[in-house]
Structure formats: structure tokens, C-alpha cells
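In the two complexes that follow, subunit A is the common piece, with subunit B as its partner first and subunit C second.
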Partner chain A sequence: MTSAGLDRAKAGLPGRPLSQSGSRPGGRPGTPRGWLRRRPFGGPRWVGWVFVLPGLIGLAVFIVIPQVASLILGFSNSTLLGGTQFTGTENFVRLFRDPQFLNSVLVTAIFVLVYVPANIAISMAMALWLKTRIAGRNWLRVIFLIPALSPMVANAAVFRLLFQKDGAVNEGLAAIGIGPVPWLSDGNWALATVIGVSLWQSFGYNMIVLGAGIDSISPDVIAASRIDGAGRFRRFFSITLPLVSPALFFTTVLTVIGAWQTFAQAYVITGGGPGNSTMTIMLYLYQTAFTNNQLGYASAIATVLFVIIAIFTLFQLWGQRKWVHYD
Partner chain B sequence: MKARWTKSRVRGRIALSILTAGALALGLTACSGGGGSSTSGLSGNTLKMYTWIGGKADKQQWTDYIAGGKHADPKMSVSFSGPPINDYYTKLPTVMKSSSAPCLVTFQNGRVGQYVQGLEPLDDLAQKNKVDLKAYSSAMLEQLSVDGKLYSIPFNAGPTVILYNKKMFKDAGVADPGLNWTIDDFIAAAKATTRNGVYGFAIPQASNPISTLMAADGHPWADKNGAKLDDPNFRNALQFLVDLSNKYKVAKPLEAAAGGSFPDIDAFSTGQAAMEMQGLWDLQHEQQTLGKDNVGIAVIPSQNGKSKGFIGGSGFGITKTCGDKQKAFEAIEAMTSKSGLEYVTKSQASVPARLDALDAWSKNVGSPAFASVIKQMTGDATPSPVPANQAQLDTLLTQYEVNAFSGKSTVAEVLQQVKAGLGQ
Partner chain C sequence: MRPVGIAANSTVAWAFAVVFSFPLIWTFFTALKPADEVFGTHISFIGSKVLWSNFVDAWTQVDFGRLLLNSLLVAAISTVLTLVVASLTAFAFARLRFPGRNAVFLLFVITLTLPSEVAVVPLFLGFDQVRLTDTWVALILPGLFGAFGAFLLRQFMLQIPGELEEAARLDGASTWRIFTGVIIPLVRPALSVLAIFAFLGSWNSFLWPLIILNSSDKWTIPIGIAGFTTQTGTQWQLLMAACVMTIAPVVIVIAFAQRQLVAAIGAGAFGGR
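Take a look at the complex of A and B:
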């Protein structure tokens, strides 16, 4: 390709295709010749298909087919071992009259409302702190990332022991004169515990992504803002935040999706209790399918959860135009 | 015009893709419910068995049962795999329906009700192979049957007993419990052993302690309609457990925990509680942890001192997809034969399901005190069906009973909440 063509390609403009430039007899050195000019499988379209085929198969087998199967099963009374009968919209009507399901939506919504802002705020604060010239900041990044790398189930099991009535946390509080906190026997405290453990587990990943975004900000821009007299807060809100907004958008979208799908923390630490105070949608779905043996109803829950997540994600994608800056 | 044509072509492709994906999904759904081939559930000549394996003790138990089967029938060949008991019943339906479904599966506490759609009824195979079912405990056969059809042949009778720490009893000046142990004796022992940060008793979760306490006084905890949540005896049993914590202060209150976890066993094993109420299957584990001579067993305390047992029969079943059901039945027959179960008693403390193997068990278990407790618990058991929705009931009880221990709800309210949950 000519340098002009390369420039056009970089600029995202249509350039002359490789095969056309190579078809000229006596072309420039470096231009593909002979068999390299031929289009394998009849043309570049098929070459493209060959390259994307493994990904497409994976997408179909692991995402599209299960999603479609789940959608179809949602309209049936399928059980794990029994037959399947079409029941129309019965499951979906039942869902909106099921107090257990409605409670799980409320619990998950509270989780999302508290966990997502807290996660983003902590991750951003840690990323900004690690941007300063503190000793061993790379080691600190690794240390803070470790919880995100370790299995949630193992972490949650340890936290369950720590937060028991006579666990290490209450013993520590007793040492400073604070009475035992009913972490796992009071509904509100149990939900707070699940949110706290989730934050501990996952802020490290967002911290790394936001840290990379902050690192990519040109020091010249910061220096210029300093010369212009911008204070610390002004610099953060007017320079750092807009420039890191693509990374912030990415972490927010993924964190919201993950929060709606919270499962392992509640499953291992509280089992959804006390009562149904920590019963998230995913945990209720799991119990419905595998404990109550109602696969059809569980599939309907999965479909509703998919719709909830899709609405939140599309809303964020739509809203990014107002606050995400890609330049 | 061309643009419109291209647009409709794109739409057509999208529609075709969706239809193809839907057809594939339906195909997969249909395939997953299919029957098995002649090799389904076998690996060569070896039958595959899916069971619970929580650690070395479980692995040893299944190795011993297979060794016992081989002792009775040298041609028998069985391999086993599976998750810990916490996940077993959750994964079982999926495994039974998968293309790699095993031939043999196992059930604990008579919990076949939820899985009969994937199980082969065994009555005809028993008749064809001339197996005398009278040799097995009738209470267990009843537990492992649904609508008059037998789905599992029992291998052990796991009566629930009180396991106690002998050293803690001795240090607190409490005598070993007798066969006529009453609720008052039990509370007195729990009070005496509650000291130095150790509780006298560790309360188990879910329905088992309730059903066991009810059975001790001769009250079945369930009938053909399910658990008797409205029965005053059910309410009294749960109230007694709450009182042990909140009134008598001899047990740690239950807290929210994952279903299928065993905080009571953890507390007893680590010396944080002097007593626990568990199936006899836990005895070997506790002996290994606390010392063989340091673990005693006692009958379940009752109001009048004439305790009856609560039996949770464990058995082998055959999957509907098994490629060679005759071979699978022969393996079960060998593993549950008199000589097979007698062989197992040499290394396992679990009580054999066959009445004619009980003498060998009494001899091999090495303690007349143990034998007398087990004879009372198995000889005079309160028969009780196993509700098909027991997994759901246990999950709900585990969730809601915490509120009774924290004082947020009364026992009656908890049972109403559980009942409402079961209705969903």
C-alpha cells in the first residue's frame, strides 16, 4: 500500500485495496505478487469468515443458543428431569405476583445502588492515590488486585468465619469496647456484609483500569492546568475526570452488569438469609432451578434479569454521549 | 432500490440466523432428554457411579462398599466420582440428564422423591434376580419408595444420634448418657458442659434436628402431603432448639449460612461444643479428629425417656439412561449382599441396612455401648416418609429459622414464612 493509502487507512478513509495496487505489472518493491495476490477461498469475504468462524461458533454455542434455549424454556413448565409442556406466559405472569422474586429484585437493586457507586469511588480514589509518588506503588497495585484474582467462593467462606457472632471481627470490635454486631443474624447487617465483601473482592480490577486511564493523561495537560491556576479539585473535575471518562464508562458498565448478577457472595456467606434479606435475583434463580426443580420458571427469571441488565446497559450506552469524551 | 434490496437481504440473514439458533437450541434441548445407548453409564465393563465425595472419609467409604461388592461378586466393577454433599443434590438432576449420565447414583436420608423421573424402578429387577427384599430394613425400603415403587436399595441405616465429647463430659462431672436419657437430662448435661467458651451443644440447621426430636417422642414429622409444619410437635421441636440457645444459653444461636454447610459439625470437631446431633456417618470423622476413645454416642433425648429412632436410609439407585441395567442391579445386589455389607463393617462404622448383617456390625464396631444405642435407634424407629420437596424445605428453614434465634420472629412466624415459601 502506498504511503498515501496508509495515511488514508489510518484516518479511517477508504484506500485502494491491496490486490488492486498489486495487479499493476512491474509494481513497486514490497507490493504482493504472484500467489499472494490471489484471494484464497474465492475472495476476501471468505477469508474474513474463516478468521471469525471460531469466535462465531463460540458465540453461538456458549451465548446465543443458551440464551435462545432459556427464552424458550421460560414459556414452559420444564423440570430438570421431567418433560416439558408449553405454558404460554404463565411463568411471567406468576413472576410479577411472586413475593420472593419481587423481594429478590429489591435486594439486588439495593445492592446495585450501594455497591456500584462505592466500587467506582473507592477504585478511583485508590487509582489517584497510587498515581502519587508513594514508595512501592507497583507492589501496592498488585496487593490490591489479589482479592480480584482469588476465587470468590474461597474468599466468601473465609469472610463467613470472620463475621460470625464470635468471629475475629467482633472480637476486634470488643477489644475497642464495641459490642458484638449481628453481621450474619440481622438482615440489614447481613446485606451490608455481602456488599462489603463484594467491594473488597472487586475494587482492585477497576482500580487497575482507571489507573491505566489516569496514567494515559498527558502530563503537559496537567502542567498547563496548574499554570492556569486550577486547584486540586478543579483539576480533578475539569481535567482528570473528563479525560478518564472512557475508562470510567467501561468500568461502570461492567460493574453494573456484574452487580445485577451477584451470586457467589450471597450463596456462600449467607445462603440468602436471614429470611430473604440477601436473596439476590441470581441466587433465587439458582434455588428455583436446582433446589425447587423448576427449570421453566427459573428460565423466565433469567429472561427478566437479561431484560433488566439490557435496559441498564442500553441506558448507559445512550447516556455516554453526554459525559464520555473520547478525544 | 438496490439499497432496499440489500437491507431486506440483511434482515433475511438475521432472521435466518435467529431461526437456525432457535432450531439448534430446540435440538439440543430435545437431545438432552434422550435415552441412553447400551454403553451409557459404563466405561468399558466398569459401571460409573455418581455419589457424594467430600474428602478422604467419603472416598474410603465408597472404596470399602465397592470392595465389599467385589468380595461378594469378583466380576463386579464400579468406579465412582462426584462432588461434596453440599453440591451433590443440586448437581444430580443435571448429571442424570446429561449424555455422560452414570449407571449408579446414591441417595441419603431416603431423598429419592425429587429424582424418580430419572430413576429406574427396581421392583421388577429385584423379582427377576430373586432378591429377598425382606432382608432389608422395611422402614428404609419405605423411605426409598415412591407411590409403591422401589427406586433405591438401601446399604446403610444412618440413625441420627447424639455424639458427645467424653473428656468434656468427664471434666464437667457428667455421667455417660444412658438409654433412657430424657430432655431434662440432656439440658442438665448441656448446662454442665457449657463453660470456658465451649457450648454444651451445637445446633444443626434445617429439618433434620426437628424430625429427629419429633421421632424420639414417636411423632412422624411428615406425611404424604409433606412436612407437618402446622403440627404443634413440629413447632415445639424448633422452639426447643431456639430455647437451647436463647433460654438455656447452652448453644450458639444459628446465623445465616450457606445451605448444606455444617457449622455444628465444625463446632464439635474443633472442640467448641460438647455435643452434636448427627447421623452416625459422622462418627468415624469425629473419632479421627477428637480421638477414637473420646467420642461417645447416645440415643436422642425424649420427654419420657423411651426414645425412638429417626432413620435416614441411604441407598443405591439405577438411572433410566443406564445402558446395562441388569449389570447395574447385579452390582447393587453384590454391594448390599450379606457378605458384602459384613465386609464393609470391618472398616466402616455405618450401620448395615440388612438385618442379617447387624451381628457382624456389632462385633466389628468393638463397643457394646455403641451396639446398644444403635439397636434402640434402629429397632424402634418412627416411620416417616421423605417429602419430595425436602431440599426446598431445608433451604427455607435454614434461611428463616435464623430470625427465631435473633428474636426478630417467633417460631410460629418462621414456620408460616417457610410455608409461604413452599407455596411459591
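Take a look at the complex of A and C:
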């Protein structure tokens, strides 16, 4: 089900030049399928396996097997030097009574629920804005993209400086009579700051994905709706939004997956503090595994995170038929 | 839009871009300030002296030279290997028919939705078993096999007309020869986009290097910067100089390859953020 949905998502990918080829592996546009049946290279049928094998082995060893192993390790008390014993569901019972873990789930959930809608809304608004007539808009696009492709750690270090008690942001606010905001020393402000930095850093990327989706809308459709007298808002909700929905869906799914795994920003800007107020699940997992050497327990955290992400992803795949339009 | 409207619209957009870029601009000017003027009572971009020597100090005191060299080497190796693996895989998916192809393809598609960072613990344990922790082998290997690169190249390879291969085939070319001699040269633009993304992916990577590398002589830039920020008594002007030297290459790459990058990101070739 996952795959079918994603296959369709890929079929509906935005961007004209790359995605014309359709969703079918090997199906080439405008070519009779018989061409493929004739085995273009005449070589043995298994020759394809030789080419696919390096990638497949790597994918299995470094992506698929660790995911499965993580699920299994969650049922153990594995440590780095102490070996591994299976302890049944003990870790999970402990997890659901671990206030630090429950807190990290809450913190990450707040992060996701604020960050993802805000990210999508800002990306969409900026993508639409950059479609209007602006001098040098290509360069604007590049400027907004820079943080998304720069090292998160460097960006985070920059913001740590800006949001110090006597940093530039508070100095600027003081100049207009607002007074020092405890950006990093108050729990709520710290989480808000981490979310804000993440938005600053990332929206440029989704802006481009959605911008390509908007570009792929036929100008005829827009023109027709104009002639029919559709206003700006009507045009957005009845034309642009449905037609860009495959790109929107694709972006949202991957942004949600990424948001649940937020790590670097919290690690560098706040270290999870103050008082665990920015302790994301991944940061707690990292500390549990590599500071406290509880690898089994950390794997149980990973399992719960995996399940949370799976639920969110499957929910979106199920929900897409209600709002995503493929043509 | 009337000319006045365009001018107003452009002005607002560029003003927004300036506010947006303020953190990076501030970083640059902070990197040039004397240590005791990083936090001033008033916002001023220029301190009492302009100290280009901060960049030199960052180079020596944080050992930025070594970090830079490490990051460049790791990124270069990762990029080359990613291109090799991804192009082989993409070729098999786009141009060859073999039993089980659809099943393998499906597996690749499914891995796109796997939350990769969730699996760092078993990955670490695996490398520990084979005594490879704290090595570049362990640092580089797990990053080479993401499915996005293979999909990007596959999309390009699908658009190559079959007649070219048939002609080569009639001339007696082997499958390998067709791959290296016909297909690869034709997807060179896609390869260069993938190279940029592989490079940036490695350049920016943080969680895995943080976990797998212990010795500071093997660290990459992000680990060095993070270690630097969590120390007490941070020397902000040096840290910002290091950040400038880390972000500047990215800005240069984006500026030169903006058209290709925007096209590839727009095609969804590398997921979302």
C-alpha cells in the first residue's frame, strides 16, 4: 500500500522535464512496450542483476537491515561492551513510564505540528510570490535556497550567537524599546527559537519544489479561469491548489518524516535545554545511546519513533485520495 | 502589473531577502570583529578594527585547515562512489529487463519513506562488530546508497531514445560498453547535479559523523564547529569565521549551478525538507 501510493506520488511529481516518463519502471513514453520485450542488448537476462547488485547490496546492508535490526534491538538491553540480552517488552514498559522520553515525544510533536504547517504555508506563499513580476527573482530564489543547502550546524551556530541574551536580536529589540527576550533561557522561547531557525533554514527548499509544481500548471487553465471571472483567491483554491496537490503531498510527507527526526538544530542551539524543553526524540535517543551507553533502550526509542513516523506517513497516504489530484 | 506595481513588489521582495539574509551578513561581520566587541551595546557591523586575522586564527586555533581537508576528502570520495553506484542502478532500472526488476524497484521506492536516522544504533553496532568505528570507511559507506540518486539518473536515462543503443548493439557493443560509451555521456548533466547533491550531503552531514568519529584528527567541519560551540567561553569571532568558511563554498556552488539545482529540486529529485 505504501509503495502503490508512493509510486503514484512519484508519477505525479512536479517538474516537467524529469517526470514525463510516467510511473511505470521501464515504461518509456511514446515507445511501444514491445521494444523492451525484444531484450535490447541480447545478453543474458540476468545481466541487469550485475548492474543493480552493488546498489541493492548497499541498500540492504546499510538501510534495510539496520531498520529491521533496530526493531529487534529494541527488545534487548544491549550496551556497547556489555553484550546483548533479550529482555522482552521491558524497554517499552520502561519507556512509557520514562518522563524524559514522554517529554521528548511531546516536544517533538509540538515541533512537528507547528513546523510542518508553517513550513508548507511559507513555502507555498513564497513560491506564489516569486511567480509575480519581481526584478531579479532568480537571484532571490537562490538567496532563499542558501540556508537549506548549507550545513545545519553552521546555521545553528550563527543563530546561537544572534539569540544570546545580549546578542544582536535583543540589541535590535532594545533599540525599539522591547526588552530582553529570554530566547534561549526560557523553555517556551527556546522551543519557539528552534522552530523559527528550522523554518528559516528549510523553507527555501520546499519553495522550489512547490514552485516547480506551480510552473507545471498549464497557462491555458489559468487563462480560462480568468476569462470565467475567477478572482485571485478563487483561482488559488480552485485551480492552483488542486493542480499543485501532488507536489504538495510529496513535500508534506517528506517534511513530516524529516521533522520527527529533528536533531542538529536542538543539539547545537540549545543542547536540548533549558530543562529538556527542546529535547527532541532524536536528541534523547542520541544521548541515551551514545552518552549513557544504553543501546538497547535507545533502539526501543527508535522503534517508537519509527512507528510514529509510519503512522503519520500511512495516514497521509490514506488521506491523499481525498485531496490530491492526479491527472 | 503596472511598472509602479512591479517596482513596489520588487522592493518589498528584496527588502525581505535582506532581512532573511541578515544572520549570514551578521556572521560575516562578526567574523571580522575584535573578541571583546562581539556583543556590543549597539548594533554595529564594523568593530573598532577589521581583523582579517580572525580567519587565520580560526585556521590555527580550531585546526580548521585539517577539518576543511577532511571534509573535502570525505565529500569527494562520497561523491565519486555515489555516482558509480547510482548510475549502475539507474541503468539497470531504466534500460535493462531482468527477472525481479519490478520487485527490486519497489524495494528502492519503499526505502524512500524509511526514516533513515532512526537506524543509527544498529548501524553503529554493526561497524563496531567489524572494528570499523572511528574510520572514514564507516563514515562514508552508509551515505552512498540513497535511492534518490538512482531515481534522478533513471529519469534521465528513460528519455534517451532506444535507437542509439540498438545501433551500438548492432555494432557489437556489449552491455557494459553501451553503459559507459552511450548512456553515461548522455546523462552527464544529471550526473553533475547528482554530484553537487552528493557533495553537499556529505559536506553538511552531522549526526552520523558525530556518532561514528571519535578522534579529532578525523573530524569533518560540522563536528568541529559543534564541538567548538559547546565549549564554554566560545570565541564567537573565530567560530563565525569558521562558519563563513563553511557556508561560502556552498554559496559559490549554488550561485554557479543555480539553474540545474533548481530544476533538480523542483523535480522532487531529492525529497523535501
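Just so it is clear, the second predicted complex is superposed on the first by the 278 of 327 C-alpha atoms of A that agree within 3 Å, B and C clash if a C-alpha of one lies under 4 Å from a C-alpha of the other, contacts with A are read in each partner's own complex, and residues count from 1 in each chain.
Here is the rule we use: a contact is a pair of C-beta atoms (placed from the backbone, for glycine too) under 8 Å apart; a residue touches a chain by one contact, two chains touch by 3 or more.
Given the structure is predicted, the values throughout are model-derived calculations rather than measurements.
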Q: Based on the superposed arrangement, let me know which partner A:P151 touches: subunit B (first), subunit C (second), both, or neither?
A: second
Q: Considering only the touch criterion stated at the top, classify A:G271 as touching first (subunit B), second (subunit C), both, or neither.
A: both
Q: Considering only touches as defined above, state whether A:N292 meets subunit B (first), subunit C (second), both or neither.
A: first
(Q) Once chain A of both complexes is superposed, is A:G82 in touch with subunit B (first), subunit C (second), both, or neither? (A) first
Q. Between subunit B (first) and subunit C (second), which, if any, makes contact with A:N138: first, second, both or neither?
A. second
Q: For A:I222, decide between first (touching subunit B), second (touching subunit C), both and neither.
A: neither
Q.
Which chain, subunit B or subunit C, ends up touching more residues of subunit A in the combined arrangement?
A. C
Q. Just subunit B (first), just subunit C (second), both, or neither: which does A:A190 touch?
A. first
Q.
Touch test for A:P182: subunit B only (first), subunit C only (second), both, or neither?
A. first
Q. Touch check for A:S202: first (subunit B), second (subunit C), both, or neither?
A. second
(Q) Using the superposition on chain A as set up above, list the residues of subunit A that contact both subunit B and subunit C. (A) 64-66, 69, 73, 80, 160, 164, 166, 267-268, 271, 290
Q.
Residue numbers of subunit A touching subunit B in their complex, please.
A. 60, 64-66, 68-69, 72-73, 79-84, 98-100, 160, 164-166, 182, 184-187, 190, 267-276, 278-279, 287, 290-293
Q. What residues on subunit C touch subunit A, complex-wise?
A. 1, 5-7, 9-10, 13-14, 17, 20-21, 23-24, 26-27, 30, 38-43, 84-86, 88-89, 91-102, 104-126, 128, 141-142, 144-147, 150-152, 155-156, 158-159, 162, 165-166, 169, 174-175, 178-179, 200, 203-204, 206-207, 210-211, 221-222, 225-226, 228-230, 236, 239-240, 242-243, 246-247, 250-251, 253-255, 258, 261-269, 271-273
Q. Taking the complex as given, what residues does subunit B use to touch subunit A?
A. 18, 21-22, 24-26, 28-29, 33, 90-91, 93-94, 96-97, 114-115, 117-118, 252-259, 261, 389, 391-392, 395, 398-400, 402-403, 405-406, 408-409, 417, 420-421, 424
(Q) For the complex, give me every residue of subunit A touching subunit C. (A) 2-3, 6-7, 10, 13-15, 17-21, 25-26, 28-29, 31, 35-37, 39-43, 45-49, 51-52, 54-56, 58-59, 62-67, 69-70, 73, 78, 80, 119, 129-130, 132-138, 140-162, 164, 166-168, 171-172, 175, 200, 202-203, 205-206, 208-209, 211-213, 215, 247, 250-255, 257-258, 260-261, 263-264, 267-268, 271, 282, 285-286, 289-290, 295, 298-299, 302, 305-306, 309, 313
